[in-house]
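To start, the structure itself, in structure tokens.
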Amino acid sequence: MAIEFKQVNYLYKSFLHENSFSLNNLSLSINSGEFILVAGQTGSGKTTFLRLLDTLILPSNGEINFDGQIINNSSPEKILMKVRRNFGFVFQFPQRQLFSPTVLDDVEFAALNFGNNKAEASKKAKEVLKQIGIEEDLWEHSVFNLSVGQMRKVAIAGALVNQPKYLLLDEPTSGMDEYAKNDLLKILNYFHEQGATIIAVSHDINTLAPLVDRAIIFRRGKIISDNNPTKIFSKPMNADIQPPSTVSFARSIGLKSTPLSIDELADEIEAINE
Amino acid sequence: MNNIFGRFLPTDSLLGKLDPRTKIVIDFFFVIILLFANSWLTYGILIFFVAFAIYCSKIPIKVFWLGLRSILSLVILMMLIQLLLTAPSDQSDILISFGWLRISSTGLINSIIIALRFFLMIFMTTVLTVTTPSTSIADGISSLLKPLSKIGLDTKTFALLISMTLRFVPILSDEFSTIVDAQRSRGLSLKTGSIVKRTKTLIPMIIPLISVAFKKALTLADTMEIRGFIDAKSRTSFHQLKFQKIDLIVLIIFTVISFSIVYFSYAKL
Amino acid sequence: MMVSAIVINNLSFSFDDGQELFRQLSLQVNRGEWLSLVGRNGSGKSTLMRLILGLETPSSGTIKVAARLGAVFQNPEDQFIGATVEDELAFGLENQQIKPELMPNKIKETLQEIGMSDYAKSSPDQLSGGQKQRVAIGSALILNADVLFFDEATSMLDPLARESIINLIGKLHKQNPNLTIINITHDPDEILWGQRAVVLEKGKIIADEPAKVLMSDIDFLHHHQLGETFVSKLVSKINQKRSLNRKIPSSIISQKELLSWLLNSNK
């Protein structure tokens, strides 16, 4: 067990929004090496959950245990920084975090902030840029002249530069075409195999369900399901989450199983034919 | 999403029905009248007036509290300055003395008054912006400034600018909090380091804000152009301002209160 | 007889930095058509739309538009000008100098068309992304737009909102036979909603054919890195496991077709 939420409440001071952003009495644990999909409608609390994980916000009450370090409402910034350096967070829009004159500078940023000197930071940045597949001739480019796809990769590199134990992603596939998605999934798989724990908030269930070991579904600040995706989508879903297209198709031809990938679905269809 | 400036909350309240001009005029003169208040009685009247306005707005009180919180640190700073810099008028005025530090009851009262003035002002402006859509505020200002268009001032463009600003302040403030979080997640710390280091932390926050604002502005300009916007002068207005009986009544009540404040402030009751 | 809504002749366009995007591009869009504009990022889809909308100026060539244009962009947050839904719908009417007393009725009608009658006084803060896109559609409809552009307008929405927006577009297109839809999209299943698909690659039209024909040309899609429909992917997977005489034809691209094919072949 690596992270444990103990009866965490988070009250958001929402006033003009009809959606409340609060989280209610949340208890769960996250094991190291897991790949988790977090789903739910807008305002269900899934983004708040990510922010709590990165200690960008603190529990109103309750506590979170990060590998032995306990964080609660009154934890000082110094301790939070210590926890945060184990996390990489990729936000939905890369434009909201890129600012440096060059790609390399931008990727170095988190490494410098978390105590590396310039030489170390530069070495780490180059390494991660290679792993992610950003060509060397782009390293000295301005971040503002990149295509949207490249910007996103640079943002991911910027989050991964410290080789974080935990990678948090907010709607990582939003606005991407299929080939860009496949590119991203390769990167995620690579870091997952290296031992990173990945937690992705996404409504792109078709893309992520076949990959993850665990899915957590939020509704109105509470977890309503937390299980492996096959178990979750084998039950009829509530109106706020759609099952993967593969499952809907399986149901429409009378299959009882829960295939999450097209491969599995094809197998199932062939099985009844024989 | 802590900034409540410019966020309109539709309710079915008396204040929502008022002509925006009435609310703007009252807000404007309220700030002036506030300067006249100089006694517990005059402040009492104003507090009562503001409380009554909040009650009539049907807006939950926590909305006002949130509006206040965003400037609370500023208010506390001003209170402290008053508290520390007000010299005691005589020996009996000193409340606490600790070395060179002397806190006087005059200073204490002054700092409370400062805070009170701020709170009342913020509450009144919040009543205006939360009960009135930004476009109506703009229409109201445009209409009030109409006499100036005779001397060549482009009041319609001015009004549209105000309404756009009111609309985009909250959006950009939400964006800004996302940007700050994105950089904090990369180890930017706003709470540690020297002043120089902390000033430097502004760069990773300001540059993305400018880039996002620029992008939003371009999309917005496209959207306006596609919907046939040429210039603000050649437009009609959906909101027809109607000055009703209720506006007259509210204005009369406010005038009476204003005069009583001025009167009592000179009468020193 | 087909009536053209948009006629593009020999259009050339270069970016400010001199880089050429379009050279002698010609395209004709008929009134009432639903056309999907497909291509990878940087292929010129959005720029072509911006040229037609008059937001960019061509270097040479002509674009004739015999229709009123409206557009819905990707990010629902960036296109909301007004303080409330009704203000937003009124914005275009105000620009057209419509008399204020005529506005409430028009707004009411449009709200009904987009299924937002209960939200006239709502502020954008209170709307979901899907609802904001509905309002953006309404803002075009209220100006009697008969060509609607969608620039990846569903790509940031959750699956349920996406479905409801595409259903709304489908409903509007059915109701008004003269309404032309030009949808820029990455979503292969969305392409099948339209009759025609135009594929752009580096500023050139590399395919212009019925949507069904394009989506069943799997080799072409692979070669140009375009996505396949869910059913196409499933069919190829099943075919990998089957002997030659039992292969499912690649012309089967929709769920309905596949279902009936599976049922028939099982008999």
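A, B and C label the chains in the order they appear, each numbered from 1.
Quick note on the criterion: a contact is a pair of C-beta atoms (placed from the backbone, for glycine too) under 8 Å apart; a residue touches a chain by one contact, two chains touch by 3 or more.
Keep in mind it's a predicted model, so treat the numbers as computed, not measured.
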item: Arrangement of touching chains [line / ring / star / complete / other]; value: complete
item: Of B-C and A-C, whichever chain pair has more C-beta contact pairs; value: B-C
item: Centre-of-Cα separation between subunit B and subunit A, whole angstrom; value: 38
item: Geometric centre distance via CA averages, subunit C-subunit B, whole Å; value: 42
item: Averaged-CA centre spacing for the pair subunit C and subunit A, given as whole angstrom; value: 30
item: Contacts with two or more other chains, residues of subunit B listed in rising order; value: 7, 9, 215
item: Interface hub residues of subunit C, defined as touching at least two other chains; value: 123, 125
item: Touching two or more other chains - residue numbers and ranges from subunit A; value: 16-17
item: In the complex with subunit C, residue positions of subunit B that touch it; value: 7-10, 133-136, 163-164, 166-167, 170-171, 215-216, 219-220, 222-230, 234-240
item: Complex interface listing, subunit C residues touching subunit B; value: 50, 53-55, 69-71, 73, 75, 77-84, 86-87, 90-100, 103, 121-123, 125, 139-140, 143
item: Touching residues on subunit C, where the partner in the complex is subunit A; value: 40-42, 74, 123, 125-126, 128-129, 152, 155-156, 158-160, 186, 188, 225-228, 230, 233-234, 237-238, 240-242, 255, 259, 262, 265-266
item: Subunit C-facing residues of subunit A, complex; value: 16-18, 41-42, 147-149, 174-180, 203, 205-206, 239-240, 242, 245, 249, 252-253, 262-263, 265-267, 269-270, 272-273
item: In the complex, subunit B residues that touch subunit A; value: 1-2, 4, 7, 9, 60, 62-63, 66, 175, 178-179, 181-189, 191-192, 203-204, 207-208, 211-212, 215
